[in-house]
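Take a look at the structure set out below.
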Amino acid sequence: MENKKIKAGITVFPGSNCDYDVYRVLNEIFGVRASFIWHKDEVKKLGGFDFIVIPGGFSYGDYLRSGALAARSPVMEYVKDYAERSGIVLGICNGFQILLEAGILDGVMLANISLKFECKDVYLKTLNFDSPFTCAIKKDCVLKLPIAHHDGNFFAADGTIDRLNKNGSIIFKYCDREGNITAGSNPNGSLYNIAGISNKTFNVAGLMPHPERSSEKILGSQDGGYVFKSIIKYIKEK
Amino acid sequence: MTKKAFIKVTLKEEVLDPQGKAVLSVLKSSGYDNVKDVRVGKYIELEIDRDNFPSIEKLKNEVEEISDKVLSNPLIEEYSIELK
Amino acid sequence: MTKKAFIKVTLKEEVLDPQGKAVLSVLKSSGYDNVKDVRVGKYIELEIDRDNFPSIEKLKNEVEEISDKVLSNPLIEEYSIELK
Amino acid sequence: MKKNTEKLFGLSAEEYDKICGLLGREPDDFELGIFSAMWSEHCSYKSSKVYLRTLPSGGGKVLIGPGENAGVVDFGDGDVLVFKMESHNHPSFIEPFQGSATGVGGIMRDIFTMGARPVANLNSLRFGSFSHPKTSYYLSEVARGIGFYGNCMGVPTVGGEVVFDECYNDNILVNAFTIGIAKKDSIFLSSKCETGNIVVYVGSATGMDGIHGATMASEEFDLKKNKRRSTVQVGDPFTEKLLLEACLEAMEKKLIVSIQDMGAAGLTSSSFEMADKSGKGMAIDLDAIPLRTSGMTPVEMMLSESQERMLLACENEKFGELKGIFDKWGLNCVKIGEVIGEKVIKFYYKSKIYKILDVGVIVNGPEYERPVKKPGYIEKMPELKTGDYKIPENLNDIAVKIATHPNIASKKPVFTQYDYTIGTGTVVPPGFSAAVLRVKGGAKGFLLDANGNSRLAYLDPYAGGLLAVVECARNITACGGFPVAITDCLNFASPEDPEIMWQFAEAVKGIKEAALKLNTPVISGNVSFYNETAKKDGDKTYISKIYPTPVIGMLGFIEDAGKAVTPFFKGEGGEIYILGRLNGGLGGSLYLDAAFGDFRKKPVGIDLEYLDYEVRLQNCLRVLINKGLVKSAVDISEGGIFTALAESAVTNPERNLGFDVRYDFSGLGIRADEFLFSEFSQAFIITFEKAFAGTKEINGILKEFDINLEKIGIVKKDGMKINDIIDLKSDKIKEGYFSAI
C-alpha cells in the first residue's frame, strides 16, 4: 500500500491551531492524504479514514478547563464511536486533553506544577513498542520532541494508574537525555513522568509533546516523525 | 422570566491543588501567616429562562446535568448548586 | 482552632468574560437553549488559624484585606466573603 | 469663547479654540469626544510627524511604507512580509496581564487586517530595576499576558528583549511586534472604500473597555460613581483567533473591499481614517452597533476600545456570503452603514440623524514643531578620562557580576512561557542572536530582531537611535542574513518638555542615518509619549521619567534558512577569531555600573566613519558566512568582549564549553578593563569551519572589505581564561547566567 492511499482526518475545533502543522507534515513529509474535519461536519462514523488526529491548540480558548468544551462537541461523538470500532485516534497536546475530557482516555490534566506555560524540548522514553503509535520506534532510542502547554500535568487515581501500567497503556514517559526517568526531566509535574498513554486496546493514544514539530531535520529533531511512521507502518501491515 | 443558578466547582479533597498552593505561598510570604490552607475552585453563574420549565425541579435537573457534563470534571471535581 | 472563609471572586458586571462567552456558546450548541448568560468566576476557600485573632471581626478584616490585595483584581473583579 | 477647562479632555486651550473655529461654535460632548481622541498625540502624531517624515521609508524591497496599518516588503516569489511594532505601555502598567495581552492582540490585528497571516511575534520589554519590589510582579504578569494571547492565537513568539532599569520603576514599557506573510496580489488596505459599499462591523460586541476617565466628558463617565464599571480592556485571544480565520477566509474569497482594525479610539479612528484614506464619507447607524453593555451613549460607542473588532467595506451583493463566513466562526457581522461620496460622516441614532461631521476637519489634526532644548544633564555630562578610575583588583568578580547581570543573563524563564515552536517555522529559537524562520516549500527564510539601548540613548540620544539599528543589523548579519527593513517604537516622556523633544529629535536623526547607511528603510512604527508619572517624595512631587527608549525591530532575509549560523561555540578545539576592530571607551557601559555604581559618563562619539566601517564589516562577515566558512559568529555589544565570549561558551545547548584567550591589546592603547568590557568595539567573535584563516580565499575577502581578522584563542572544554586577567569556571558562569532572572 502506498502512503498516499492512507487517509487521515484532522479534527478542527474553534481555536485549534496545530491543525495546519499536522496537515502539512502528514501530506508533505509522510505523503499521507490528510484532510480536515470541521467540528460541526456530519461525517457520520468517520468510516472513510484510516486514522484520526486531534491536533493541539486552544479549542474554545481552553476556557473552563483545557479541552473540556471541545470534548462536548458533536464530532467527538463520532470519534468515540470510531474508536470503539477500533479506529486509530491520536490526540496531540490539546488533542490529548480533549480525549481525556471526553472520557476516551483515562485520567485528567492539571495545570503544570510551575503554573506556567512551558515551551521546551523534552526527552521521551518509549515503554511499549507494539502499539500503532510506537511500532516503528527503535528500542533503546530516546526521542527528542518539543512540548508547549500549560496543562500537561497528568493525574489519575492510583487504581487507574495500576490498570494503565498492567495493560501496557503508558506508552511514553519523560526522561533525561540518557533515558533515565528522573524528577528533573519531568517538565510539568506529571504523575510518574507520564507523557503519553493509550486506551486498553491501544488504538487510541494521547501525548503532550508535538511530533509534528519534530519531523524535519531543519527543526532540530526528526524523532516525532517516528510516531507518524508507526501509524503508517501499522496501517500498512494490518 | 429568568432565574439565576450559582454553581461552585471545587477540587475533590484528595486532588492536589497547585494553584491553591501557589496562593498559599504568596500569602505566607506577604506575612499572612494565619492562613493554613488555600483551595481554588470556580464559581459559575448561569442565567436561565425559567418559562420553559414546567417546574423548578426540572430546571434544577437541567442545571445539575450541565454541571455534571460540562462545568465540572467528575474525576477530580465536585460541585454544589444554589438557585435564586 | 481554624475557621473557614469562602470567597467568591467575580468579574464586574460590565467586564468582558471570555470564558463565560465560550461556555455559553457550547451550552447553546449542545441544546441547552434556556441558558441565557454564563459568567465564570473563582471560588476560594481559606483555612485560617482563628486563635491569633482577638475577635472574629479582626479575622474578617484580614480576609477582606487578602481578598482585596491578593485574591482579586479590583480593577476588573469584585468579591464577597462568607465565614463558617 | 466660553471654556470649561475641566472639559478639555486632554486638548490644549488653543486646540479647543481651533475646534470652536472650525465648527463655528462650541463642540458638544459627542464632538469633543471624537476630537479629543483623533487629535490626541496617540492618534494624530502631532508632535512627532515632522520628525517621522525625515525617515527613509521607501526604496529597496519596500512595497508599502508608513501610513497603512503596517508596512510591506517584497519577499520574492510573489510573497510579501508585513510587519509593525506597537507600544502598549500605559495599559500594561495599569493592568500588566490584560495590558500586555491586548497589546499583542492589537498588533496582530494590524497585520491580518492587511490580509497577512501572522507568522511570528517579538516583544521588547522594559521593567524597573531588578530589585524593585514590584518588578517581579510586572515581569511575571507581562510574560503571562503575552504568552496567553500569542499562544492561543497559534503565533510563535520567537524573540525580543527584556531590560531592567530603575528609570522604568514607574513606567514599564511593552512594545509588541508582529510579522505576517501574504501574497503580493492580495494585500488589503483601508483606503479602498467605494461609494455604495456597505460598512460592516465584525467581531466582538462593544463594551466600556478602554474608555478613560481622563479623556472623557460628562457625568456618566465618572467611574468612581459606577463601581460595576471597568475601563480595562480585557483580551479574548480565542475570539481573535476566530476573527483571524474568518477575515482571511473572507479575503481569500474576495468579499472584502477595504478593511481597518479597531485599535486606539476604536470605531472613531477606524471609520474616519477609512473614509479619509479612501476620499469618501460614511453613513453610520449607531443603533446597529452590537453592544455588550446596554445603555451606552453614542460617544461611548465611538470611543470604546473593546478588543477583537474590525470595520470593513464590502459590496452590497456580497454581504450574504460574508455573513455566512462570520456566522460559521460564531462572530458578529453587522451592516452598520454605507460609504457615501460626500466627505462627511453622518451618524444616525434612535432612527434619526444625530450628527454630521466633516472627515477632513476631524482627521487633519494639529501638527507641531515643538521647542527643543539640549538637556542640561547632557551639557554637563563628564568625560571619562583614563585614570579617573583605578582598575579593580579583581576583574574576575566584575566579570561574574556582568555575565549574571539580569540585563545580560538568559531570558529563558520568560520565553519558555511563549510557544515559539508552533507553526513549524522556527529554525533558530529565542535565546541566541536573531530569530531565524524558514518558509515552507523552499529554502528561503527570514530573520527578526528587536533592540534598544536606553542608557546610551539617555547619554546620547543620537547614538542610542543609531546603535539600536546597527545592533539589530549585527545580530541579523551574525546569523548570515542581510538586513532589509525596520519598524520602530519610540518611547519617550512628555513632548511638551523641550529637553524631551530634543532627545526625540536626536534619536530620530540617529535612526535615520543608520537606516540610510544600512539600507533598511523604516516601513512602520509607533510613537509613545508621556511615559512619565508624578511621584511624591515627602511633600515634594517630582516627575519620574523614562530614559528615551527608541526600540528597533528589524527584518532580514536569508537564502537558505538551514544554513543560518548560531552564535555559540560548537566544540572543543575551535579557533577563536576577532573580525573587525576593538575600541576602548567605557562611558555608559554596564561595566561602569557593575564596578563603580554609575554609568553616567559621556560615551565615545559616533560619527559617519563609524557607520561606513560598520557596513563594510557586516558585508564582510556575511560573505564569509555565505561561503560556508563560519561555524559561529556573535557581535560584541553590552558587556563587551568578555560577555560575547562567555555567552558563546555557555549557550551551546548540547555541551559545556570554555575558552582560552591570549591577546596582546597593548598596541591599542587601551586598558585591561576597556579591553574586556568596552561596548564600542565594532567586531564579531567568530570560529571557522576548519583552519580556514590565512587561506587565500579568506584573505581575499578581508582585503576586499578592508577588515582585520585576528586569532585570539581557542575553545576549551572548561574554564574561561583571558590572558592573566580572567580565570573562571564555566559551570559557575553558566549556572549564574541561566538562573539570574
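To keep things simple, chains are lettered A, B, C and D as they appear, and every chain counts its residues starting from 1.
Keep in mind that, in the parts below, contacts are C-beta pairs under 8 Å (C-beta built on N, C-alpha and C of every residue); 3 or more make two chains touch, one makes a residue touch a chain.
What you see is a predicted model; the values in this text were computed from it and never measured.
Chemist: Does C-D or A-D have more contacting C-beta pairs?
Modeler: A-D
Chemist: Please report how many Å separate the Cα centroid of subunit A from that of subunit C, as a whole number.
Modeler: Here the centre of subunit C sits 35 Å away from the centre of subunit A.
Chemist: From the mean C-alpha coordinate of subunit B to that of subunit C, what's the distance rounded to whole Å?
Modeler: 10
Chemist: Among all residues of subunit D, which ones touch two or more of the remaining chains?
Modeler: Touching at least two other chains: 236, 238-239, 330.
Chemist: Where in subunit C do residues touch two or more of the other chains?
Modeler: Only 18, 22-23, 25-26, 30, 40 qualify.
Chemist: Touching two or more other chains, which residues of subunit A qualify?
Modeler: Residues 60-61, 63-64, 69, 72 of subunit A each touch two or more of the other chains.
Chemist: Among line, ring, star, complete and other, which best matches the way these chains touch?
Modeler: other
Chemist: Any two chains that touch count here, so list every such pair.
Modeler: Contact pairs between chains: A-B, A-C, A-D, B-C, C-D.
Chemist: Report the residues of subunit B in contact with subunit A in the complex, numbered from low to high.
Modeler: 15-16, 18-19, 22, 42, 69-71, 73, 75-76
Chemist: In their complex, what parts of subunit D are in touch with subunit A?
Modeler: These residues of subunit D touch subunit A: 144, 147-148, 151-154, 236-239, 241-242, 329-330, 415-424, 426-427, 438, 440, 561-562.
Chemist: In their complex, what parts of subunit A are in touch with subunit D?
Modeler: So the residues of subunit A in touch with subunit D come to 14-15, 17-18, 21, 24-25, 28, 57-58, 60-63, 116-120, 146, 148, 150, 210, 212-213, 216-219.
Chemist: Can you tell me which positions in subunit C touch subunit B when the two form their complex?
Modeler: Interface residues on the subunit C side: 2, 8-10, 23, 26-27, 30, 32, 34-49, 52-53, 59, 62, 66, 69-71.
Chemist: If we count contacts the way the header does, which residues on subunit A are in touch with subunit C in the complex?
Modeler: 60-61, 63-64, 69, 72-74
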